[in-house]
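The structure appears below as structure tokens.
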Amino acid sequence: MLELVIFSTLNGVLYGMLLFLLASGLTLIFSMMGVLNFAHASFYMLGAYFGFQLSQWLNFWTALIVAPVLVGLIGAGVERWGLRTVHKWGHVAELLFTFGLAFVIEELVQMVWGKLPVDYRVPPLLDFPAFELFGTTYPAFRMFMLLISVAIFLVLLMVLTRSRIGLIIQAALSHPNMVAMLGHNVPKVFMLVFGCGCGLAAIAGVIAGPALVTQPSMAHVLGPILFVVVVFGGLGSLPGAFIASLLIGLIQTFAIAINYSLGDALASLGMARPLQGVLSDLWQVTVAQIGPVVPYLMLVLILVFRPTGLMGTRES
Amino acid sequence: MAITTMTKPASLPLDLAKRYGIWILAAAVMIVLPKIFTSGAALTTMCLMGIMIVFSLSYNMLLGQTGMLSFGHAVYYGLGGFLAVHAMNTIAADRLPIPLPLLPLAGGAMGLLFGIIFGAVSTRRAGTVFAMISLGLGELIASLSLILRGFFGGEEGITANRTKMLTLFGVRFGPQIEVYYLIAAWCFVCIIAMFAFTRTPLGRMCNAVRENPERAEFVGYSTQMVRFIAFCIAGFFAGIAGGLAAINFELMNAVNISGAQSGVVLLMAYIGGVGHFFGPIMGAVLVTLLQVMLSDITGAWMLYFGLIFIMMVMFAPGGMAGLIMLHLPLWQRGTLLRVLPHYAVMAVPCAMGLAGLVLLIEAAHHQLVKAASDGPAMKLAGFAFASNAAPPWIVAAALLGAGLWLGRRWAPRLTAAFAEAAR
Amino acid sequence: MTALALDDLHKSFGATPIIRGVSLEVAKGERHAIIGPNGAGKSTLFHLISGRFPLSSGRISLNGEDITGLKPYEINRRGLSRSFQVTNIFPRLAVFENLRCAVLWQMGYRYSFWHNIRKATDANDRAEAVLQQIGLAERAMMPAGLLTYAEQRALEIGITIAGGAEVVMLDEPTAGMSRSETAHFVALIRKVTEGRTLIMVEHDMGVVFDLADRISVLVYGQIIACDTPVKIRSNKAVQEAYLGQALETEH
């Protein structure tokens, strides 16, 4: 049991940090530009695929640097030639544009790399067990992922709290309409923020690719959970997104590890299953199966009890 | 623009024809269509169109009328469909005296019920947050559909047999043509009902809430309540569409309730045009047609859809209906003919660009997906070439480049001519 | 009879107090103007009364009924209607539609989806009458967003009064208008608020002294004087605080 708790905590924190790499970019983009980037998880997927391709051609370490830069440039291009045109039609059109983009990116990825998962391997340098506990080993690559995501988190924190651009971004987070008045080249700032957000997502993709599965559906599996994180944490709140990321990461990981159903629980208490018929399935569902549903249940609950999210102040 | 109140002594039949003409015409078209397109494939496609018209109109109650962008509308469609399938099975098993034509109502009730439940949660917020919540709820139900196998039947879904129900006037709904007329009748009734909704006080307040929610609150309306009721009614009609789908396919599975289905209805409504009542009808017809036709012609048809959608969002946010209505003032002024030559001129670069893009996508698709198994030889529009040779790529790039360049050069002239004609 | 009573209203944004203890009674049928320098909190006070912002503390009652903390639409249903300083209309709806939306609730149609709006004769007639009153009959079918600025301001007032609210609050109705437009507008306001209680924020002193029965002077979130126009003009404190400069710049 202790073994399960330790490993699940590690994996949960890791998953949570990866989520935050994505959620932070999404929050920044949303707060500054008012654009909810539906395609954010698609840039994460592009990161993974670029990482895979580049580590085939060159090596993983080059890929780790180059892939995010490439994806960041693509993101900036999307902002420059796509979003900026759509901007005049309002936020709904912007959201729809990124929705279409997510669709197109998935189709393109399927066309180029096929519908099946690609063989994205852990680099040989990190292909060893980091430590052993109760007879189970923990891969070094996962520790490396954790390290990278924590490092980026710290860099982000430093940039946001210490640098000039960080202060502008912070100002924009709390007063979204004020950026223009600060006399900054707003379109350029937007392009930068959008590009950087996409780049951050791509880093998550490059390092998550070998550990998770790199396949065309990875974007639309992760995308909705990402939105849950952002809404749950409170729109426009980076600390909120951080807490929500970790929370959802931990809950999902633990849920998967626990293979126990409601029926089992009742049986151990010596009770019969009260519901029969169509809903009888409810008793056979294990916690592991519920895992993917939990974030959405959390979303519904927070909306009922605290519509602005965990730490959000904005209404819409 | 001044309004002149004309008080012509109108003859009654003419007045009636003017008022109900469009509906009579619509009914006539629906009745006659299967006599013209008699093939089985055409009939199947038309049945699908009827279902999708109801579905996309119900979606437009949210997006077009009330300004609520939903990414989870398939929930109500799917749940309605699943309930209808179960209802069919129960009715057949217990020999209940309920005829098939009433079944969509069961679907509608299910859609309404869940519209009430989920609407109460999600319409507390508007705008982008509402969009995200709808996505979350959609995913919730989609994931649940794989877990609760009793109701949703897992991956295979639930099947039913529509002919096992109470027979009225000897119609058993075995042949597709009988199902077509059932769907057409429901489609017709739903279109009228949803059109009537736009002409009610609440329908108008939906528009007001879309336009300016703050002001709506200051003329006495709770925007949350307006959104909630609109959401419930949209859920009801989506459920009816689901019920029709259940009758048509005699099968409901996880795909019908998935995010992909929600995406399709958004695509339909938007491509058709959310700003006008008839937009989603056009969108449903066109997208269904394209789905059926394109998927036969090319393996990259989903990509084309995505690109069409992005193009629409970028350059024609009013959709096809918006483009058509843009020309209405010209038509009324009789100046439409004056812009036509300019359109003819613009058609050249457009055709070039389109041809280039299609060639590019098809060659890439062939090279990446098919070349490994079928070899590089391919055919497009009667031309045979190899996807791994340089010429098709050069031609594609040249066409695309030239089309874009010419298009940009000539566009101002068209804009000027249009402005001139509209003045 | 008191139409609107404010009892020690306070409002702070963060640590900054904007409204610092405002008490005021406006009688039924009175035309009351609130004046004061920029940043005095006039618009905030309007937002507090109409329910757009929540109060920090204090009590508001309308016709003797406590309306503190109610939602804007609840306050509106109880007979208080307001206009906005920045034009706040339904831009893509026709002018006539704008006005009809404004009368529907008060006409008892509520959330009805079982009435045909074309046959809602009473609502249509009322909207039509207001349309005539504000002089936009010619523009009835035009999208409101395409009207000229002055026409939009007229529509703004039309939407405000269309529901038949007894208490009408106008936030700078003549802001940004030329002299001739202003004169026309004063006549319009006088006409449409006949027999109702009017509370207005206004910068144009000509308009204020022309229309108001009583004037309140708001300075730094407090009412420093509340009296008839004649007495306000001669009030020392007011002259020092505000009116002196305002009258000077006026001439």
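Every chain is named by a letter (A, B and C) in the order it is written, and numbering of its residues begins at 1.
One rule holds in what follows: a contact is a pair of C-beta atoms (placed from the backbone, for glycine too) under 8 Å apart; a residue touches a chain by one contact, two chains touch by 3 or more.
Predicted model only: the values in this text are computed from it and were never measured.
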Touching both chain B and chain C (chains): none
Most central chain, Cα average position: B
Longest centre-to-centre distance from chain C, chain (CA-based): A
Chain centre separation (chain B, chain C; CA means) in Å: 44
Rounded Å distance between chain A and chain C, as computed from the means of their C-alpha atoms: 48
Distance from the mean Cα position of chain B to that of chain A, given in whole angstrom: 31
Multi-partner residues of chain B (at least 2 other chains): none
Chain B partner contacts - residues on chain C that touch it in the complex: 50, 71-73, 76-77, 81-82, 84, 88-93, 97, 100-102, 104-106, 109-118, 120, 123, 138-142, 159, 162-163
Of all residues in chain B, those that touch chain A in their complex: 67, 69, 71, 86, 121-122, 124-129, 131-133, 135-140, 143-144, 147-151, 259, 263, 266, 270, 300, 302-303, 305-307, 309-310, 313-315, 317, 364-365, 368-369
Complex contacts: residues of chain B adjacent to chain C: 1-3, 196-197, 199-205, 207-208, 211-212, 214-222, 225-226, 229, 233
Complex contact set, residues of chain A against chain B: 30, 34, 36, 82, 85-86, 89, 91-93, 95-97, 99-101, 103-104, 107-108, 111-112, 114, 220, 224, 227-228, 230-231, 235, 277-282, 285, 289-290, 292-293, 295-297, 299-300, 303-304, 307, 315-316
